[in-house]
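Structures incoming, each one as C-alpha cells.
The two complexes that follow have chain A in common; it is paired with chain B in the first and with chain C in the second.
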Partner chain A sequence: MFYRRAGLRHTRYQDERQLFPLAFDRGLVLTVLAFLIAAPLLLDRLWLTGYLLPWLIWTSAALGLNLLMGWAGQIHLGYGAVMGIGAYAGVHLVRFGVPLEIAMIAGGIMSAGIGTVFGAAALRMKGIYLAMATLAMQFIVDFVISHNAAISGGTLATLQVPAVRFLGVPLTSDWATYYFALFVCFVITLFMLNVKRTSFGRALAALREKDYAAQILGVSTFRYKLMAFWVSSFIGGVVGTVLAVAYLRAVSPDQFHLELSIQILAMIIVGGLGSVLGPFFGTALILFAPIVLNNLLGSVAATFGLDLPIDMRAHLPLLAYGLLVIGFLLYEPLGLAKLYANFRNYMLVWPFRHAQR
Partner chain B sequence: MSIDRRSFIAGTAAVAAQFGFASRVYAEDKIVRFTIAQDFTRIYTFVTSEYNQGQRDYFALVNERGGVGGYKIVADVTDHANDLPRAIEAYERGKREGAVLIDPLSTPVARALVPRALEDKINMITAYSGRSDAADGTAFPYVLPLSINYWTQAGLIIENFKKTEKGSLKGKKIVFVHIDTPFGKEPLSILQVLAQKEGFELLTFPYTPPGNDQSAIWPQVRRARPDFVIFWGAGVGQTVALTEAIRNGLPMDRVSSSVWLSESDMDVVGRDAAKGVMKVEPCVGGREPKVIKDILAEVVAKGKGAGPEAKVGTAYYNYGVQMGALMVEGVRLAAAKAPNGPVTGPWLNDGLRSITNFTAEGLLPPTTVTREDHQGGGMGRIARWDGAKFVPVTDWFAANQDVVWSEIKKNSETFKTTGK
Partner chain C sequence: MIATPPVASGPAPSAIASRPDRPVVLSCQGIERSFGGLRALKGVSLEVREGEILGLVGPNGSGKTTMVNVVTGFYPPQGGRITLYGDDVTGLAPHRVAQRRVARTFQNLALFKGMSVLDNILIGRHVHMRPSALGALFYWWWAEREELAHRRVVEDVIEFMQLQDIRDEPVEVIPLGLQKRVELARALVSEPRFLILDEPMAGMNQEEKEYIARFILDAREARGVTILIIEHHMDVVTAICDHVVVLSYGEIIAEGPPAEAIAHPSVVSAYLGERAAKRQRGGAAA
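Presenting the complex of A and B:
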C-alpha cells in the first residue's frame, strides 16, 4: 500500500541499479535527511549537542569499522586507537595552523598508514588471532601516545583544540559543529552505499566469504585485505579528527582506549554487520539506551517517590541495558538493521500477509 | 523472525511509553539547582558512592534547616559512568533545567567540559580531579577545584618528610611509585623541581595500569633502600601498592600517599598491617567535626540519610561534605550579595569566588577562594593510620606553594594562548 511496487518496470540498467529503486524509500530517505538538516531549527540544544551530534560522529566511525568487519570480514579490536591516531594528528596539525580540511585528510592518511601496517597481520592471520594482533595495536598506540609528552601535550596530557574553520565557516556555534558532523557522516554514508556496487565492494565480499576461493577467482587477497584496512582506517582517522574538533574539543589519551574500540564494535554487531543502516541503529542503542534508561528510572523514582539507594539507581539501568542488548541479539542475531528489514518486508505487502517472491 | 500485528503494536506502545515519563516539573520557586553527574559504575565506583553520600547528606542538612539565604538546594544525581557522551548529555540537560553548577568528579569528563563550562558560564567543581592548572582563576574563571591539587599534595608530603628529617632532605633518597597514566605522572614535575631545590635523590617506578600486579616493582624499591616512599594511584592500585610495600618490609611510617587512601582501602590491606602509613588529609576525617555530628543527628537519625550509616565519617564521605559545604557557602555569599538573584552561573560564581576563611565549623582548613586562586589557599595536613583511624600528625599547613604556582602558571599560560 505504501511502497507501490506494482507496475514498476525498469527499462534501463541505471534505473535497476539506483540506490533506492522504490519511490517510497527515496521519499523516506529524503524526509530523514530534511529532518536532520532542519534539526537545529526544530530541536533545542540538548537534543542537538547531547544526542544528534554524538550519534552522527559515532555512526560515521561505526560505518568505517563496518567496512572492514562487515564487508571484508576482518576483525579489528583496535579501532579506537585508529581514531586516536587521526585525532592526534589532526589536532596537532590544526594547532600548527594547518587548515582543518587538510588536517582531517592528513589525520586520515596517518591513521591509514599505521592502521595498514598493523592490518598486514591479516595477511597471515584470521579470526581470533587477528583480533589479538589488532588488540596489540590498541595497546601499543595507547602506550606511545601517553608516553610521548610531545604527542599527548605535556604534564596534564591534554591538547586543547583551537578555534577552527571548515570551508570558511568558524566551528564555534552548535549549528556549525552539527552541520560539519552531518556533512562528514553524509559523505561517508554515501560512500558506503556505493561501495556495494563497485568491484572493490564485491572483492571485499568475496574475501569475506572465503579468502582463498577469492584468490582462485582472481581477486588478489594481498591487495584487497590491505586496501580494506587502508580505507577503513582512513575513515577512522578522519572521524577521529571530527570527534576531537566538533565534540571533545580537548583530546587526552584516555578518550581512545579499548573502551571506545569495544563500544564501536558493539554498535556494528548490534546494528548489523555489513549493513549501512545498521550502524545508525546500533549507535543509537549503544550510546543512548543507558542515558534514556537512567533518566527514565530517575523520573519514575521521582514520580512515585521511590527512595532507591544511589548504587541501585545507577546499576539498574546498566542491567536493563545489558538485557536489552542480549535480548535484541537473541531475538534477531543479524542486528537491528534486519529487524527494520523485516518490518519493511511486512509493510511492502501490507495489508496482505505474504509477499510473493 | 517475522513481525506480526500484535508484536508491532506492543513494540510501538513500549516506545511511546518511554517518552511519556520524560518530563518533570518542580513547583518550588526559590531553588539553586546543581547537576551531580558522577561515575558510580565504571572506574571510581565506591569512591563516588561515599563522596556523593556525604554531599547529599550535607544538602539535606541545609534544606532541613530551611535552606541557605532563602534558597533550597536541588541536586540532580545521575550516573555518567566516566563516558563522555553520557556526561555531556547530563551537562546539557542540567543546563536546560537551569543548573548553575556541575560536579563531575572525573578527570576525563572535566577535561572535555572545560571549554563548554567556560563558554556557558556554568560553575564546574573539579575536586581532586580535572586540570591542576585550573587553580589559576584568571585563566579558568568557571572551573573551580576548591581543593588542593596533586602538585600541592606532593609539596605537602615532601615538606612533612623534611620535618621528619629535622629540616633537611639533603642526600636523602625518595622513591616515587606511580601508576603509569597522565594522572600518575602529574606530580613528577613538582617532585623534580623539589629534588633540585632540597637536594634529595628522586627515583621513580611506574607500574602499568590498572595496577593489580606490582610484584615486579616493589623488590626494586626495597633494593634502592629509600629513606621515604610516596605511592600514587587510585582504586585497586592503591591497595596493591600498600600490600606490596608491607610484604617487602618497607617501614610504614616512612610511606605516604595522596588524598586517595581511605578506611575501605585499609580493610583490604589489613588494618593492623598498614599501621603507620601516611596520607594527605584535605579535611578532618571521622565523626568528630560538628557538621558530621549535626548530619548524624538531624539527617541520618531521621532516616533521611542518602546511604548506609556506617559510611558516615569515612574519608571520602567527609570529602563530599567538604565540597558540599563549599558549594553551599558559595550560594550563601551569592544570596547575600544579590538576594533576589536571578540564579545564574555568574551569580553563583561571584559567591564561590568570594569564600573567605571558611572552615565549615572546623571541618576544613581555613579556605579562601579568590578570583586568582581557585585552589582555596593550598592548606592540608598529613595523617597517619593507627590501625583504626587516621590521626593527624601535623596541623593545617601550606608548603612549597611558590613551586606549585609557577607550575600552575606555566600550564595555564599555555592554555590561555593556545586553548581559545
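Presenting the complex of A and C:
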C-alpha cells in the first residue's frame, strides 16, 4: 500500500544499491530521524534521559554484537566485558586529560585488541564451545578489573567521570549527552547498513553460512573471523566509553558483568540476528517491556481492586517478560525485524495478495 | 547454439589428437590420501591441459571428490605433488588456491542462504576486491566505486547464464536447477582460468542438463576456461569432455578419449561387475 514498488525504474546501479530504494522507506527513516533530533524539544527530561538515551546506547552496543553474531555467525557471551574494557580504558584516559574523541577511539582499540585475543579461540572452536571460551573471557576480565586496584580503584570503588567535552561541546546538559549518544548510534547504524552492501559484509555472511564455500571463493577464515572480532569489539569498546561518559557517569566493575552480556545477547536475538533494524526493536523490548508490564499490572490491580502481595507485583512482570522472549523465539526465531519485514512484504502488494512472490 | 566462432566445437577429434601439445594447467603426481585406515587415493597422477574439458568419472566412493578436495586445498595430500601452471600448490589453503584463479562448485549446493542471487554471485568477485571495515564506514568515498565496477562484471555473467529474472530473489526459494546455475555463475564471475565442477548436473532433468552442458561449453569457448568436471551422466561425459579419467577405489583404471575410456573392460567391470565385462568381451569377439 504505502510501500509502493510500482513505477520504480532504476537506470543506474547506484540507484538500485542505495540504502532505501523505496520512497516510503526513505520517508519513514527521515521522519524517525527528525523525531530523534527534535526529541529534546518535544519530550520531558524523564523520557529523554530515562528512556531514549539508554535505548540509543544499548542499541549501539547491540549493533556491534550483531556484526559478530548476526553477520559472522560467531557466538559471544562476553560482550559486557568487551564494553567494560572500553569503558575503563576510556574513563582512565579522560581522567588523565585526554580529549574524549581520542579516549573513545583508544577505548575501542583496547577492547578490540583484547577481544581479538580471546576471539582467536573462534579459529579452533564453533558454537557451544566458542560460547564457553567467550564466557571465560567475561569472567577473566571481570576478575582482572575488580582485583586490580590500578584499573578499578579497588573492589568496591567507583570511578567518577570528570566533566568532558565532545567536539568542543561540554557534555553536562541532558540534551548534549543525548545528542552525543545519538551521533554515535547514527554513525554505527550507518556503518552497519553499509557493511550489508559491501564485500566485507558479504565475506562475513559467506563465512557464517558455508565456511568451506567461502574459502574456495578466496575468503580467508582466519582473517575474517579475527576481523569480525576486531570490528565488533572495537564498537563495543567505543560504546562502553559512551555508556560510562553519557549515562553512568561513574563506572564500577559490577556494571559490566554477565548480566549486561546476556541482556545485549537477548536484544539481538529478540530483535533479529543479522538485521540492522532488529537491535532497535530488540533493545526497546528488553529495556522497556518490564517497565510497561509493571505499570500495566499496577493499573490492572488498581482498577479491579486486587490486593496483590508485594513480591507477586515484583515478579509477575518478569514472568510475563520471560514468556514474551520465549514466545518470540518459538514463533519468530528471526525476531521482531522479521515480523516487520513480513508486514512490509504484505503491504507491498496489498490488497493484491496473489501478486506476492 | 554456440555463438562465438568455435575453434573446436565440442569433443572434436582434433582436441584429442592435439592433447600433448597444449600447456599443462594442473598436474598431480602420485597423490596419496587416507582417512584412518581407508586409502581414498592411492598414488593418483593426472594432468589437465589448457582449454580442455576433462571428465573425472568413477563409481560412488572411488575418490573423485576427494581428489578435487585435495587439489583445492581442503584435504592436504599425504603424498605426491600438485602443480598449477607450473607452481607448486601442494597443501596450499583453499583461499590461496582461489587467489590463483581456480574456482569450483560443490556436489551438494553450497550457496549462501539468506542472501539474494545477486549477492551470492557478487561474493564470487571477492578475490578481485579489497574488502575492509573502513571501506564500509566511508562507503560513499571508498567502497561505492569498487562495488559498482564489480557489479558490471557480475551483470555480464548474469546475462551469460540467463539469470536476469531471479537476480533479486532469495537464493533458497529458487528451484534446484537454477540454484546449480547460480553456483556456476558464482564460480565464473571470479574469472577463473581453471574451473572444477563437482557433479553440476546431479538431480537434474534432461532439459536442465542440456542447459548446463551448453553453459559449460560456452564458458570454455567464450572465456577460455579449462574445466575439470566430475559427472555421473555418461551421455554428458561423452558429449562434452575431451579427455576422461576413470577412478575406482582410489586408482586410475582407465584414461583416454571419452568413448574409449568408458568402454574399457576394467571400467565396465568396475561399474557393472565382472560378468558384464566378460559378456561385453564375448560380444566383441563374436
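Methods note: the second predicted complex is superposed on the first by the 349 of 357 C-alpha atoms of A that agree within 3 Å, B and C clash if a C-alpha of one lies under 4 Å from a C-alpha of the other, contacts with A are read in each partner's own complex, and residues count from 1 in each chain.
Going forward, a residue touches a chain if its C-beta (ideal position, glycine included) is under 8 Å from a C-beta of that chain, and two chains touch if they have at least 3 such contacts.
Because the structure is a prediction, the values reported are computed rather than measured.
With the C-alpha superposition on chain A as described, chain C and chain B fit side by side in the combined arrangement.
Shared-chain residue A:128: touches no atom of chain B or chain C.
Judged by the touch definition given at the top, the superposed model places A:14 against chain C, while chain B stays out of reach. By the document's definition of touching, of the two partners only chain B reaches A:146; chain C does not.
Judged by the touch definition given at the top, the superposed model places A:199 against chain C, while chain B stays out of reach.
Legend: residue contacts after superposition of the two complexes on their common chain; A:342 is shown touching chain B, with no touch to chain C.
For chain A, the partner touching the most residues, choosing from chain B and chain C, is B.
Of the two partner chains placed by superposition, only chain B is touched by A:254; chain C is not. Once chain A of one complex is fitted onto chain A of the other, the partner contacts of A:287 are limited to chain B, with no touch recorded for chain C. By the document's definition of touching, of the two partners only chain C reaches A:212; chain B does not. Minimum Cα-Cα distance between chain B and chain C in the superposed model: 16 Å. The residues of chain B lying in touch with chain A in their complex are 1-3, 8, 18, 21-24, 40-41, 49, 52-53, 76-79, 81, 83-86, 88-90, 92-93, 95-96, 107-108, 111-112, 114-116, 131-133, 180-182, 185-186, 188-189, 306-307, 407, 411, 414-415, 418-420. Looking at the complex, you find that chain A touches chain B at residues 44-46, 49-51, 54, 58, 95, 146, 152, 154-158, 160, 162-163, 247-250, 252-255, 259, 287, 290-292, 294-296, 298-300, 302-303, 309-311, 313-315, 317-318, 331-332, 342-343, 345-346. Residues of chain C touching chain A in their complex: 72-74, 93-95, 97-99, 102-104, 106, 110-115, 119, 122-127, 129-133, 135-137, 139, 143-144, 146-148, 150-152, 169, 186, 190.
Of all residues in chain A, those touching chain C in their complex are 13-14, 17, 190-191, 194-195, 197-203, 205-206, 209-210, 212-221, 227, 230-231, 274, 357.
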